[in-house]
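Going in written order, the chains are labelled A, B, C and D, and every chain counts its residues from 1.
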Amino acid sequence: MFAYLVRRLFLMFVTLFGISIVIFFLLRIVPGNIVDILFAAAGYVDPADKANLEKELGIDRPLIVQYWHWISGFMRGDFGFSYVSEKPALQEILPRIPITAKLAGLALLFSASIGIPLGVISAVKQGTKLDYALRVVSLSGLSLPSFWLGLLILTASVAMFGQMPIFNPNPKTWLEAFATYAVPAAAVGFRSAALTMRITRSSMLEVLRQDYIRTARAKGASEAAVNYHHALKNAILPVITVIGIEAAFLIGGLIVTETVFNIPGVARFLVEAIRWRDYPIVQNLVMFIAVVVVFANFTVDMLYAVFDPRIRYTD
Amino acid sequence: MRSVWALAAMAALSVLTASTATLAGEPKQGGILRMYHRDSPANASILEGATYSINIPFMGVFNNLLIYDQHIAQNSPDTLRPDLAESWSWSSDNKKLTFKLRQGVKWHDGKPFTSADVKCSFDLLMGKSQQKLRQNPRKAWYSEVNEVTTNGEFEVTFDLKRPQPSLLAMLASGYTPVYPCHVSPADMRTNPIGTGPFKFVEFKANESIKLTRNPNYWKKGLPHLDGIEYTIITNRSTAILAFVAGKFDMTFPTHITIPLLKDIKSQAPNATCVVEPTNVSTNIIVNSTSAPFDNIDIRRAMALALDRKAFVDILFEGQGDIGGTMLPPPQGLWGMPKDRLETIPGYGRDINANREEARKLMQKAGYGPDKRLAVKVSTRNIAEYRDPAVILIDQLKTIYIDGELDVVETANWFPKVARKDYMLGLNLTGNAVDDPDQSFYENYACGSERNYTNYCNKEIEKLFDVQSQETDIGKRRPLVWDIDKKLQEDVARPIIFHARAGTCWHPHVKGVTIMSNSSYNGFRYEDVWLDK
Amino acid sequence: MAAIDFDVELRRAGAHATGGWRRVLFMAQRHVLGAAGLVIMTLFVLTAIFADVIARYDPLTVDSARALARPSWAHWMGTDSFGRDVFSRIIHGARISLAVGIGSTVLGGTIGVIVGLTSGYLSGWFDLVFQRVSDVLQALPLLVLALVMTAALGPSLPNVIIAIAIPLIPTVARVIRANTLALREQPFVEAAKSIGMSEMRIALRHVLPNTLAPLIVLATAQLGSTILTEASLSFLGLGIPEPYPSWGRMLSESAAEYVRTAPWLVIFPGVAISLAVFGANLFGDALRDILDPRQRG
Amino acid sequence: MADKTDLVLDVKNLKTVFFTNSGLFRAVDDLSFSVRRGETLAIVGESGCGKSVTALSLMRLVPDPPGRIVGGSVALEGTDLLALDEAQMRAVRGNRISMIFQEPMTSLNPVMRIGDQIVEAVRLHRHISAKEAQGIAVEMLRLVRIPEPARRAREYPHQLSGGMRQRAMIAMALACRPALLIADEPTTALDVTIQAQILALILDLQKELGTGLVLITHDLGVVAQTAQRVIVMYAGRKVEEASVEALFAAPKHPYTRGLMASIPAVPASGAAAQARLNEIPGTVPSLVRLPQGCAFAPRCKLAIKRCEAEYPPLADWGGGHLAACWRAEEVAEVA
């Protein structure tokens, strides 16, 4: 177990190192930098002023020096300053994290609490009209562009209630807080709920074909006991993996949803920062996301060990 | 027909201005004006920016030396009002402009305002001070100013190389706030200090901008509002839905396109919406340094092929203006009269005849139905740029030109233009003040930083100087018209149209006037109030 | 015990469905959803191929006189703000969506197969490097990667295809690698090795064909999501530029401006995207049921 | 024949079919047999002959679709199981009739502790506390000779060897003291050395508990050691039934004969040592397209015209020795 953990942590470190290189150099390939954008906002370009500013920001130095400067700072917990706001990058990133985290958490909760039961029902009722209906709904969840869904929700809510769930940083009532997060979370969660449902369904179908299910029936266990006790316990494992992976993919959906619902979370902030070529923000934020993803995968693997007695990490 | 309509519009406008002033009743104190902001400005320093994304939210933090009357829609020399300067006077040779400054004004941090601050601000703008602006887009405005001198704590004098009556117009723009001497330009970007009615509270990029009432504002009893809060919403439909749903008292000024106005009017029938020219022209920058547009015939053919009315019909449902460099009348002070305009090639009413002529020019240059000219039309990846480019490409088809749209990201646009790495570019030019000096020198003078095409015509430049020194508006206007006409005939930067845009607010918002010949100067908002 | 109609039961089981068409018909009945998906996909592909014939107007021609026209006989899906016929644009948009969908799936799939096969077959350092690189790519959110890629390459059709294809590579490669690893232990591969077949030949002749089923399943599943990714990129302003009638951009730009004033601009492209993706997903599901033996019911 | 009241299981004319896309598949066709209390009945045949479907039919666990029991009766202790509704049937399963499956590796739920799986079987049918049930589970594990039963009860299936798992399966199947135990190839998947132990265990427990046993196997050697009576199935039908002694002494069906001949010679049985194994030529025919007459005819050395035309009825050759062959008398001699 200990050897496994060491190996695993080492690989995680290697992955994160790789990500730091990829994001750093990818960003440098993107044409234009913050100085170009600042001059675009000023409506002119002056080569001398531009060179001065590049020097001031340190983006005139050789790439390898810039990389070392960033990564060594990153290790020390020095994340640099945002090029745009000129505030410490950490100060820009940190307050936005809880917003996205709440949204993502709620979306995952939504995804799991809707997706898993419906997936089980769909599998148990395989071939029935209910199964077909659920599959069509889940497939449609995977087929709707999420910004479209978000906009339709907003439009419908204004048309029907004359109100819209736009982000409110300081909700006064419980209901307001709920509206702030729940609707956008549902818009993102719909897609991942659909995914969760499909995985649960196929996992359940797989498990329901297993010999031990027949054994359970032979014992005289009821259908309910067979499905929910014996089958689900086994079928849940791949679902956990997928929810874990989904947590990583959720960030993509959140970018779009945070834009539509105008939520000042990290996902939209990342896109804006890419647009502004705000390297310190993009680099550190991507690293942060990568750390979360890598640890989410790690947690999933550990959860596997908890849920599946067969798995013991001894390697 | 058109002039009658224009007259009617004028009349309606003056009624509107009058109504906001007289029918509004006694202003109520308090309340926070909630607006959305269309994008996240780079920073809070007006002097370093060249977009009203910075002006609009931060103009209320500052005062100018003088300012355009905030309740007269059309900025003109007659609507200049004292601000930090109580009065001004020209020397007899019109080369010295002296301002008497208001006393007892304090910066938001409590330090007193003096003439040193004025000098600092303009030294900064002229690039003469120790500290530098990171960007200085309007340096050219002060090219005729030798220096700014202080005479005691409350008097400053602008010493000019030659008479320049337009200097006052530029000083009155929202782009020309007075900065404090004791705050560095860097701090002004993140935490601006002014003397204005509102104090800066915070600016969270991509999130919000907050201003609060300055209780020690030197105008007693102002501002009425407790504060102004902008929520930054880049998605237009989300923003408009939120306005309709009552989350905001007012839209971002001049953010509502004509097609969207109908939507707002149907959703929020009580909202007041005002449509005015923005004094932003949509134009074509032509790379005349290399083939094929180094050929004047092809440039002329392109200018002839433009069906300006079609642009205006499609993009503004007819509510846009066709003119030269200067904003057309009646809102524009300096635009050519219609009959004069129509004598310029390409502005004539008979589009088919124009295009027939254009095709002849193209054939002369060696192109025809079987040998079409392939052209890249570069533009920024913003709807206001992209949409006219699409129409332009479609129209160029009629004269054997096959255009391909080349969409460029903001970060790459100016470098690309500076590299001359384009054939045709679709560009927007915002005019901070409706003034020929601002427009001509900034966009057409040899060596000007915003003269993207590097158009350089020494003879025309002489004419710039002649009109610039003319103090009599009546005499100056025909000079301006002549220059404008020449610029169009040279196909220096063909102007396609002048945009109009709408601003909406809910009925409880009082005291807002949208300027009709500028979108940079009317956002002080010190006497805006909420009737709630 | 209830009486059982053997004929009915057998019919249900498909016993009567012998020979070409009856078999096809039976499969269509058994996989109703898949058949529907296949029909949608076929329509989609035919539309893309015959766009010039089907479209009633030139999708790029601007006409101020008919801007923002409601759907009518002349313009079945109305016109956009430039007066361009929405129906014709959607028809031509099928080409773009198909190009993005198939282009990026084929590109990502091909590279993924090569990498996965090599990695699973050679093991050693190549596999180690591949594993780490795919860890890296998979820890970066797909949309973020595509976003930075399109920003780096510049928005154009080929670049969007590349940007969407790259994050696909590790996904495909992992599946192929896992299958290859499993297949390497199979007797027929051992046998091929024992008669002196070269590794390369074994990989291409024996291993690759056997990974085809999961590959096809994965590819159809990806087809839909690539179209959605393009739409999201368009929404974020980095999709395929004007004037190409990309569904994603048609939708995202109209969605921003005309969601209320000209709903047809928002509804039809949205429906087109959703339907195409839905069709691909339905078809992919059915294919998985049929091709993936582990999933067969 | 035995006294009716002594019968644990009485199957009459059982018919189970599968509806497949290649046609009707008669997996069990008109099968009748009975098992007495404490008796062991073996059902033998090649794979695909319908043995396992018979077992599943008795449990009413034939997967539907595609399978369906379409006729006959299965009387367990006098109750026709086929007439019960699903709830009633559940009360019988695992309680009065239990089953051990072929694959001990996959037949136990991998995420449940062994003890819990037995506890579940007990508590489904007995209203007792979890603690008592746990006691029974440990007791059962002890009964199937698992060392340290209390510790093993807390372990997961993957921690047990194949033999151990099959013991646990047996413990689970017998936990409620069923009247009838069905063992479907219980030793096939196990090591040869373990096979004998498991068989011995099953027989011991059967004796101890007085359970009727249906042992399904393809291994005539196993039959000889364990069963009292044997049914030979071929293509879904019973082709021969006899006491073990009678069957081995004089098989009346050429198929049985063939099966015996394919056993590696067991010199102790007195038969002449053979130079090579005899195998039955050909394979079990497709159950969909069965020949009109005897299904075995195409593979049968003794086949005559009549075999192909008419299906031979089951005839009693004395002492309950049934066989379905037109040339039953000649079988022993010819072979």
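The rule we apply is simple: contacts are C-beta pairs under 8 Å (C-beta built on N, C-alpha and C of every residue); 3 or more make two chains touch, one makes a residue touch a chain.
These numbers come from a predicted model, not from an experiment.
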{"item": "Chain nearest the global centroid, as defined over all protein CA atoms shown", "value": "A"}
{"item": "Centroid-based (C-alpha) most distant chain relative to chain A", "value": "D"}
{"item": "Whole-Å separation of chain centres (CA-atom averages), chain C against chain D", "value": "50"}
{"item": "Chain B and chain C: spacing of chain centres that average the CA atoms, whole Å", "value": "47"}
{"item": "Length of the line joining the C-alpha centres of chain A and chain B, rounded to whole Å", "value": "41"}
{"item": "Per-residue multi-chain contacts in chain B, two or more chains", "value": "235, 237, 267, 409"}
{"item": "Multi-partner residues of chain C (at least 2 other chains)", "value": "151, 154, 255, 259-260"}
{"item": "Residues within chain D bordering two or more other chains", "value": "none"}
{"item": "Chain pairs that touch, as defined at the top of this document", "value": "A-B, A-C, A-D, B-C, C-D"}
{"item": "Complex contact set, residues of chain B against chain A", "value": "40-43, 48-51, 53-54, 134-137, 186, 189-190, 203-208, 231-235, 237-239, 241-242, 244-247, 267, 409-415, 418, 430, 449-450"}
{"item": "Residues on chain D engaged by chain C in the complex (per definition of touch)", "value": "17, 19-24, 65-66, 68-71, 82-83"}
{"item": "In the complex with chain D, residue positions of chain C that touch it", "value": "1, 4, 6, 9-10, 12-15, 17, 26"}
{"item": "For the chain B and chain C complex, residues of the former touching the latter", "value": "235-237, 257, 259-260, 262-263, 266-267, 309-310, 313-315, 381, 383, 386-387, 389-391, 393-395, 405-407, 409"}
{"item": "Touching residues on chain A, where the partner in the complex is chain D", "value": "210-212, 214-222, 230, 233-234, 307-310"}
